[in-house]
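Two complexes follow with chain A in common, the first pairing it with chain B and the second with chain C.
Moving on, here comes the complex of A and B:
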């Protein structure tokens, strides 16, 4: 693997070089989220297209609110247009732009989530390829950036990742002190980007410093759960009816925030947006936390209580993804914990399940307990 | 770039009002090449669209042994199905499919078959019933065929003409029933819920027999229980699941029962397979 070093202060110049090469560049930026001029103006770190190297917060803050998912799997996307002409229908393809894109400043957890989305949307899943996803994926390069300051919601080390992991990365950057970055070229796409940046890259990297930096940051993580026994416990179908689901899931209000911020959530709805005799068929993000998600037309609903919807979410992350798609369902980014209005915490479930897995006879539901 | 979400266009060549709120469409592809390349197997389903309203999931209700057109039969229940019901002969709809797995006809060679259905669940059964009748006619590959079918009332029975046709066939036993209170003065069938009639009146012999059950989840549950009491083993019981679907392609994440996605791993399951799944349907 090729390595090099880069001055952290040159990241803006990197962005400018990429822009000069006619690439679309997406980077973390502080964006006003509420009223831009009003008293409530609130700046939130968000992945956004940038037009100049002066406009970025790469390597600052922690996780952008939105993750990189929306640049591969659009929040709302027309699939085609149609027009009714008497008894005939014409289907008109919609022209989508898929610009060659570099996303810079991606944290390791977000980078690891890309393989998970790919396992759902690529033709490896049942032979059906979602072309909207794969077209974007094939034109996107990820420049990742090791974390320096994980917060109390992060738990990547509990899901076989680390704050300096290069999984899913094309070109990986790690701070090694004195304003320097260790650069690792990981894939062909990463090599192409490195070529654009070659005037700014120097000599060889410092592998020892990079490893030391990674280990130091890993030490800072406080939320540690072992996910292996959790997956094993979930594989036992009898545990699907465990008392824990209702007890812990009762406070969930079904807002869906956890799924919309989650980098691996892939669910969507398809509807027609119609105007007169024409319209678009569109696909847009949906959430298993909503009651109508699984509601049959007959009125029957397999997930008729909110806790059952949360149970599905937890199973999706630690059983369905690994079992069905053979990729991680949870990358430990902690977004769902930060976003939840009622402080429902996925790691609380993880701890509870781990406890149950270790003590199979503890905490059995007491039928006489009211 | 081929777009998996884009339907092919079909013309409605015939509309049949089967029962109140239930219609059958005969459908033909408008594009000749699509028509020539299309094939399906019994048990599979499609996404049917009324442009402007959206898509709905229905099984293909006709048999692959009768490929001149495909049929769907649906109940008007919501937005899309109402929009479809408002269409008439000559109108255009969209179709994506066929999707999903199929009834395991190869495993049924030499066996007796019992088809058990309730209400609107006859369409998926009708496809496999005609498929098996036609194949038995060709080469005698199945044993005796029985059909147990019921609806809420006499007027709610779908495929009334075909029920009579099956009734007339020599090597078919046709058991029809309506729920108590749903009978008319001239009703010559049974009165009682399908699982009850199955267990107490029809009493099939499980020896060398496969039972295929379609219906609402509650009916499937009771029919399976009745069959077990009659001595059927789980491997001898097959059903199809109707989870809510959108994509049919394993992408939209809505149809799962545990790690099983009904749209790509189903919709046909044996009772053995269902018993291994979490209680989420």
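Moving on, here comes the complex of A and C:
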């Protein structure tokens, strides 16, 4: 693998070079607030398009609120247009732009989530392809950046990742001290980008320093769970109706925050946006936490209580994914923990399930477990 | 203070006066607390109250939330003043009966605006803006109140305009619109702002209606603007200013700026503040001879 070093202060120049090469560049950026110093103002960091190398927060802050999902799996997009003429309905294709894109400053958990989305949207084995996703995917390069300051919600090491993992990356950057970055060229796409940045890249990287830095950051993670026994317990279908679920999910209010911020959540809905006799058929994000997600036309709803919806989300991550795909259902980014307004913490759920797996009688017939 | 609350909660559960006590417990991280449903007297020790107790718990009393289907006959709930305003408003709107609930009022010194801003103490840099003009630090409607007055009294008139709203209202119209365009660009319609709101009471929200579809469900500009403007209108004179919609938004959008502005309009027009009296009737569904008419042109 090719390696090099780069000055951290040259990231802005990198962005400018990419922009000069007519690429669309997406990077973490702080968003303006009404009252920056006000008590209610939060630092709002999101992945957004940048127009200049001076305007970015690559390597600063932890995780942008939105993740990179929306640049591959659009929040909304028209599938086609239609028009009714008399008794005939004409289907009109809609033109989509798929600009060549580089996303820079992607953290390892987000990079690993791309493969999880691919499992759903472009599974070569299943012979299925979502063209909107694959078109974007094939034109997007990911420059990733090892974490330096994980927070208390991060738990990537519990799902076989790490804060310096290069999984899913095209070009990977790791801080190795003295304002230097160790650069790893991972894929062909990464090589193409490296070529564009060659004036800024120097010599060879420092593999030892990179590994040391990665190990030091990994030490900082405090939320550690063993997901193996959890998955095993979930595989036993009898446990699907365990009484525990009801207790665990009772405070969930069914907002979709956890699913919308989740880099691996991929559910969508389709509607016709009609205006008179014409309109668009539109695909947009949906969430299994919504009460009408599984509502049948008959009025029957198999997930009629909120805890069943949360149970589904948990199973989606730790049962359905491992059963169906090779990719992770959860990449441990902690976004759902930070976002949940009632502090329903997926790692607490994991702990409860692990406890239950080890103590089958826990929470049985006892309305208040423990 | 919390000892007195715990003792009372224990008594209520032991005597079978209530089926459940809804309160706050330690969360999964030192800066966070979490709603808890206590059903057994020995569990009351888990109850806590301090400036990290942000959640507006009365949302669990709203009929739309299925918790009311659990067969609880009587629920005790811990409430700070602003939460109790939400309870009072729910009762005024016939969502709840006064005798279905037992209010354990807590004296409140204010809460932190976001868990992320908690640094071990409450101060001007992290106190939620709703607390700055609060006039219910000693709650107005309780069944039990531990009696100790909060040791800070910073009550400025409730009429005080929110600084954020004032900042926004000073902007030229096109700049204000530009602000919302950028902010709403981030909205992906997760509806956390709706789900946390104690006053979003509709069983089927207008944005979820499909036959016909009134509001485009997709998160494009039209779908997002029509959602937020409709939501703001539906809460006029009903929003009790808990600020939860803004706190819950995972994309950092200050959704409640709309609601705060509408609160001011209702107050200027009708001298009405929701959530203070059980007998209140919403100004938009009542008529008084001396109602303002100068806006009718």
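Here is the rule we use: the second predicted complex is superposed on the first by the 348 of 370 C-alpha atoms of A that agree within 3 Å, B and C clash if a C-alpha of one lies under 4 Å from a C-alpha of the other, contacts with A are read in each partner's own complex, and residues count from 1 in each chain.
In the analysis below, a contact is a pair of C-beta atoms (placed from the backbone, for glycine too) under 8 Å apart; a residue touches a chain by one contact, two chains touch by 3 or more.
None of the values given here were measured: they were computed from a predicted structure.
Q: Superposed on chain A, are chain B and chain C clashing or fitting side by side?
A: With chain A as the common anchor, chain B and chain C both fit in the superposed model.
Q: Touch test for A:152: chain B only (first), chain C only (second), both, or neither?
A: So A:152 only meets chain C here.
Q: Considering only C-alpha centres, what angle arises at chain A between the directions to chain B and chain C, nearest 10 degrees?
A: That angle rounds to 90 degrees.
Q: I'd like to know which partner A:203 touches here: chain B for first, chain C for second, both or neither.
A: A:203 sits against neither chain B nor chain C.
Q: Should A:241 be classified as contacting the first partner (chain B), the second (chain C), both, or neither?
A: first
Q: Between chain B (first) and chain C (second), which does A:82 come into contact with in this model arrangement: first, second, both, or neither?
A: After superposition on chain A, A:82 lies in contact with chain B alone.
Q: Touch test for A:269: chain B only (first), chain C only (second), both, or neither?
A: Both partners, chain B and chain C.
Q: What is the contact status of A:126 with respect to chain B (first) and chain C (second): first, second, both, or neither?
A: A:126: touches chain B, not chain C.
Q: Please give the least Cα distance, whole angstrom, that chain B and chain C reach in the superposed model.
A: Least C-alpha distance after superposition: 5 Å.
Q: Take the contacts of chain A with chain B and those with chain C, and give the residues found in both.
A: Residues 269, 271, 274 of chain A touch both chain B and chain C.
Q: Help me check something: in the complex, which residues belonging to chain B touch chain A?
A: Interface residues on chain B, with respect to chain A: 1-7, 9, 11, 49, 51-55, 75, 77-78, 81, 90-92, 94, 216-218, 242-244, 246-247, 249-254, 256-261, 264, 276-281.
Q: What residues of chain C sit close enough to touch chain A in their complex?
A: Per the touch definition, chain C meets chain A at residues 27-30, 32-37, 39-40, 43, 55, 59-60, 65-67, 113-114, 116-117, 124-129, 132, 163-164, 167-168, 179, 182-183, 186, 188-192, 194-196, 208, 210, 213, 216-220, 223, 243-244, 246-248, 250-252, 254, 257.
Q: Note which residues of chain A are touching chain B in the complex, please.
A: 79-80, 82, 84, 87-89, 91, 93, 120-121, 125-126, 128-131, 135, 237, 240-241, 265-272, 274, 279, 281, 283, 286, 288, 293-298, 300, 302-303, 308, 312, 315-316, 319-320, 323-324
Q: Looking at the complex, which residues from chain A come into contact with chain C?
A: The touching residues are 31-35, 38-40, 42, 44, 46, 65-66, 70, 75-76, 152-153, 250-251, 253-257, 259-261, 269, 271, 273-274, 282, 284-285, 287, 290, 292, 305-306, 335, 337-339, 341-345, 347-348, 367-368.
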